[in-house]
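Paired with subunit B in one complex and with subunit C in the other, subunit A is shared by the two complexes that follow.
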Partner chain A sequence: MTDERRLAWAYLSTVAQGASRSLSALIDEHGVVEVAERIRAGTAKGEVAARLRSRAHLDTAATDLDRLARAGGRLVTPDDDEWPAWQFLSFDRLDTATDTEGAPLALWVWGGRRIDELAERAVGVVGTRAASGYGEHVTSEIVGDLAADGWTIMSGAAFGVDAAAHRAALGVGGTTVAVLACGVDRAYPAAHAQLLRRIAETGLVVSEYPPGTSPARYRFLSRNRLVAALSAGVVVVEAGWRSGARNTAAWARRLGRPVTAVPGPVTSAASQGCHRMIREGEARLVGTAREVVEECGPLLGSDDGRDGLFRRELDGLSEDMTLVYEALPGTDACDPAALAESAGLPIERVRAALPLLELDGFVVATDAGWRRA
Partner chain B sequence: MALGRAWSVAVTGIDGQVVEIEADIGGGLPGVKMVGLPDTALQESRDRVRAAVANSGAKWPDSKVVLALSPATLPKVGSVYDAGLACAVLNAANIVPLDLLEKTILLGELALDGRLRPVRGVLPAVLAARRHGWCKVVVPTATLSEAALVEDVDVYGADTLADLVRWLQGDGPLERPDEHRAPPRPVRGDLSEVVGQHEARRALEVAAAGAHHLMLTGPPGVGKTMLAQRLPGILPELTEAHALEVTAIHSVAGSLSPDRPLVTEPPFVAPHHTATVSALIGGGTGMAKPGAVSRAHRGILFLDEVAEMPVKTLEALRTPLEDGEVRVARRDGVARYPARFQLILAANPCPCAPARDADCICAPAARRRYLGRLSGPLLDRVDLRVRMQAVSTNALMGDTGESTEEVRARVENARAAAAERWAAHGWSTNAEVPGPALRQKFRLAPAALRPLERALRKGAITARGADRALRVAWSICDLEGAASPSELHVATALEFRDRGTA
Partner chain C sequence: MTDERRLAWAYLSTVAQGASRSLSALIDEHGVVEVAERIRAGTAKGEVAARLRSRAHLDTAATDLDRLARAGGRLVTPDDDEWPAWQFLSFDRLDTATDTEGAPLALWVWGGRRIDELAERAVGVVGTRAASGYGEHVTSEIVGDLAADGWTIMSGAAFGVDAAAHRAALGVGGTTVAVLACGVDRAYPAAHAQLLRRIAETGLVVSEYPPGTSPARYRFLSRNRLVAALSAGVVVVEAGWRSGARNTAAWARRLGRPVTAVPGPVTSAASQGCHRMIREGEARLVGTAREVVEECGPLLGSDDGRDGLFRRELDGLSEDMTLVYEALPGTDACDPAALAESAGLPIERVRAALPLLELDGFVVATDAGWRRA
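Right after this comes the complex of A and B.
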């Protein structure tokens, strides 16, 4: 893509300050450079041009791109390979939508990963900023398992559940994406500057607003739409009666993404929103990562016995485990040395396989040795 | 001249301080007065010194003698000052000149006939003398080889006060230590004598490689004690600095053998399960003496039948495990002894302890209570849990296992690798590495961590358990000579996890 086109995208993104269906349609019709030219010159016609006229002079695109590039960020536009076009298709299917409820014009990102890769297998995890101890605990349990299984965790870097989700994903070495309601160069909330830096190291920080944009109430609502759009499904961990998380959930439903919610104590104010969504059929009840994957993931048999979800993770040892298990006599107990002999494996590998088999409940250790469970 | 001087060393714990002894012969009724916080044994030394001087052929002054030990505020304990007191009086009486006396530290108890008797704590006293810049020390001949362990100090052995006086007058020689000879490592039970128990032997090797605390459970007679006793054999020899540390403690405890004073092998201390807190930690009247944990410094503390030990005694182990030293306060001050030991616990699985676990007749509650008494904080520090299995008959006929020698070679390599890796961070063994460092700075590859994540997810281990497994994985990896633990090593380490008391 030429610099000219990128500058045009950056300019339009700055001027539009968010998505605009009519502007997107205009771009589809005339091309991005042409549209940018007309807006800048004030020669564009129609309602959209009138609305943008007051900001048309804001031509900071070149400096913005420059500054962001130096900080390790970039602008991702629909021209780019990594544009998550598939995820944004669902905006076209909305029955009724206002002008701003569309796919973003472009995404400003900070971090080295490709956005389409991260969005391929992603779950949005959202919830109240005033999370209880229970909420943070459940978040880190579910997110830890999901992230360890290779799911990207999408969230909004807010206090409470959002932060717990990002941290849990980073904690197990997984990837996570923070979608901001301000420029990616602004740390908001400021207390999360360090957290955002860590997210950008292994994942991405994403915003549809140009660098320097400050957060505003309506931007949070549009941000929620992006979290939902970039995820295969959304988990609401704790949400009060009136919570932004319910807005994210609503967006997920509009975009055709499954919504799940984690219940809490019926006495807890922080879980009222979740309970309401479950009761009104807006969300499915989940308690574990496995149940989240059943709702959001590709089809897989739910009755495949022992943790099919996590089976592929032990490639390195699963063959040994099979051999060792088969080498165990039907009823008698056996010690590792004898097992090594009959399984034809070095004793070190037998010693490694046995505890794993025990974890899975296939074998037990008795005072006479190892036997089948 | 009516004023005499001599110098000795007061040992507190294993630290020493130089004590100046002054003797004043002045007017007044004949008698001896001693000042400077002497304890009972030291009060009695007035009579010992007087008799010894008289019986050595010298004349005790006919007037009043005042003896002062300074610093005056430091409590002085025991009979080690006898030689110094005698020489100070003789110096005051112009029998012994000051030239040699003022360059020499004198240690030793006097018998009434003038013989110089051995005392405890000679090694720390000589070490203290060197630290304070003294280069001549006279000790009783029986402790000469112990004193000779300290380099850069001339040590002399005196048999009697008369010998000492002649030497100080420049008239006669004193004993000098023999050439330092490396004592042969004492023969202990060899690892090859343990029948079967391949898994427990392996665990012992891992424990030795990483200096991990170890808990052995199993029916009586499977060889828990036998194995534990063989652990010192497979540990590397103490470095010179550590050997001196250990020897100093044993010198204060009075448990050195005169012919092989330097403790070069990691000590093995096995207190009985009825031992009191004082016996374990240190105690006694006046100034505390080192307990089992300090005698096991740089070695092994083996607690057999640990489930029979009173809870209070076991809880007392937590501080030394945490700090690597104990500070015991008694009337005469606080004694500080190092106590960095490797803990080996052994227990039966239940009170009735039949040879086969299936024959147990204990009530379920009794069974659960038995090992449940071991507290979480104590067991938290035990990286390796090993359940020993009854020996099957064919193991008795089977071939013998590896010898101590072979295993020690592997352990030495593993220890060296670990020491090199952690040196920059101030740790020397895998067991010392704190959890956060294992999880962050020395984080393993994601693939290697998978067995751990799996166990965590299943609730089979706690977060602390995961730290323990990581430490053990490093040791297994060091034994194999690998650079960093693989999935295989981590999975193997899971075998040593805590499985609860069931």
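Right after this comes the complex of A and C.
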């Protein structure tokens, strides 16, 4: 990509301050450089041009790119290989959407990783700023397992569940991405400056807003849409009755991503939003990373992570049960005699272990014999 | 009903030791006295007769009825007005059922209330024997509200959730029914002798097994079927991964009763069964008595109880919101001006209160104006 094109993207991102379907359509038609020139010169026609006129003079693109590059950041545009085009396809498939409810024009990122790679196998973990001790604990458990299994943890760097999610991912040496509602150069909330720096070191800090942009209410809602779009599915760990996390969940549903929610005590205000979503069928109840992957994994057409998490579940089984389960081939059915031979166990112990494995959902009995569930 | 008929029912109940569809069919065909005589005399033909032969000599009917009467009990049979025939109809509608999965032959009861009246508006409240402090607390809250609202609390008098449910009902002066897996003269568990006595004083202790019968595993499963059949729906408060409460829930589903379950911390073993049922779509998540009634109430074709519980929910609203909500007619839509007049509030305060009521799900905006949700 030429500098000219990148400068044009940066300029349009700054002038548009967020996604614009009509601007993206103009760019598709006339090219990014041409559209940027027309907007800058005030010669662009139509509604979009009229809307952008008041900010058309804001040509900070070169400075912004330069400053961000020095801090270890860059602008990722639809021209770039690492543009997460596949994830953003869902925006084209929305039945109805306002002009701002589209794919971002471009993404300002801080950190050295490729965004397409990090978004390839990512779960959005969101929740209330007012997380309870229980909520933080469960976030750590689920995120720790997901991140250790290679899942990128997407979240919004807010207080509460978001921060617990980022920290738990970092804590197990996993990868996490913070999607901000302000410029990636602005530490928001300020108390998370250090956390954001750590995220940028091994993952990414991402925003569709140019450096210097302050957080604003509508930007948080747009940010939620990006968390959902960049994830294979979303987990809401704790959410009050009217929580921003429900907005992320609603975006996930609109974009066709599975939504899961963690229950908690019905006496806890911090779980009311989760219970409401589960009750209304907006989210599936989950309590473990394995259950999250059962929902989010299939979309990826691969069950690498799933295998890992399932293997961990085996830790709770008796030795005979583990031996018998491990002896079962990946997909084929097997009779107890063959299993006894393969597991090195007397057939009576195999026969005793199989029904217990069945009760726990690890194996099923078929006409052809026993096989993994 | 003649003494002869009641003695025949008591005799057959004692000999059959539980429900038998084929025995019930025989009684329908030949009459209860005739069938009892043939079984007793050993002249009955067919499979049922053969099965009952070993117990045909157990003619303790007169003694049992007499002893039970002195303790304040009686035998309720399909001949009696108070027989809960409507509730037991569901057994006839089962697609497949074994011989013992039918309506009880008769019910031995201890207590002065009519069983049909108590079963008319009843919720089954069940759960693990190993209830946590949280489980007992939530049981008390939900049952207290339901019982204060006139719902009969059906349960099994076991330790844990069952006992908490009975006690909470008694605590608010409500009515509760204990369905036992043994004779109503046997206090089981023994530690609940005093609790069972208190239940019998204002509600009923019920069993399909004759006095003197000891509890047995299969009788607990049959008892669960009666708890479900005598309830408009079931709440599982806490249940382990493999809990007996799931059996009650499964019976409720088979009999067409709504099943609800209370979530809890995902870190609590006592909630795993509830989470499993919610996750698998076997139970709807509930956290309050109101939500239980939303599921179980409609079947009764009356919303008396629901109204009461909804009114209690209003306690949390601001004064303006309450006034506006109360001013809305039962079903018709209303505009803010009419509401202002009826509520005696300035129209601006009505306009401010309506969206808040809408957010809380109390009202909806329609083309014709605002109406109760």
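By definition in this document, the second predicted complex is superposed on the first by the 299 of 373 C-alpha atoms of A that agree within 3 Å, B and C clash if a C-alpha of one lies under 4 Å from a C-alpha of the other, contacts with A are read in each partner's own complex, and residues count from 1 in each chain.
As a working rule, a contact is a pair of C-beta atoms (placed from the backbone, for glycine too) under 8 Å apart; a residue touches a chain by one contact, two chains touch by 3 or more.
Please read all numbers here as calculations on a predicted model, not as lab measurements.
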Exercise for the section: Using the superposition on chain A described above, determine whether A:138 touches subunit B (first), subunit C (second), both, or neither. Expected result: second
Practice task
Considering only touches as defined above, state whether A:148 meets subunit B (first), subunit C (second), both or neither.
Solution key: first
Problem - Which superposed partner A:42 touches (first subunit B, second subunit C, both, neither) - result: neither
Exercise for the section: Considering only the touch criterion stated at the top, classify A:256 as touching first (subunit B), second (subunit C), both, or neither. Expected result: neither
Practice task
Would you sort A:72 into first (subunit B), second (subunit C), both or neither based on which partner it touches?
Solution key: neither
Exercise for the section: Please work out whether A:359 is in contact with subunit B alone, subunit C alone, both, or neither, and reply first, second, both or neither. Expected result: both
Practice task
For A:335, select first, second, both or neither according to whether it touches subunit B, subunit C, the two together, or no partner.
Solution key: first
Problem - Shared subunit A surface residues [contacts with subunit B and with subunit C] - result: 359
Exercise for the section: Would you pull the subunit B residues touching subunit A in the complex into a rising list? Expected result: 198-199, 202, 218-219, 356-358, 387, 389-390, 392, 443, 446-447, 449-451, 453-455, 457-458, 460, 480, 486-489, 491-492, 494-495, 497
Completion exercise
Interface with subunit B, subunit A side, in the complex: residues 145, 148, 172-173, 310, 313-314, 316-317, 335-337, 348-349, 351-356, 359, 365-369
Handout entry: Residues of subunit C touching subunit A in the complex
Key = 134, 137-138, 242, 262-267, 271-272, 275, 278-279, 284-288, 291, 359
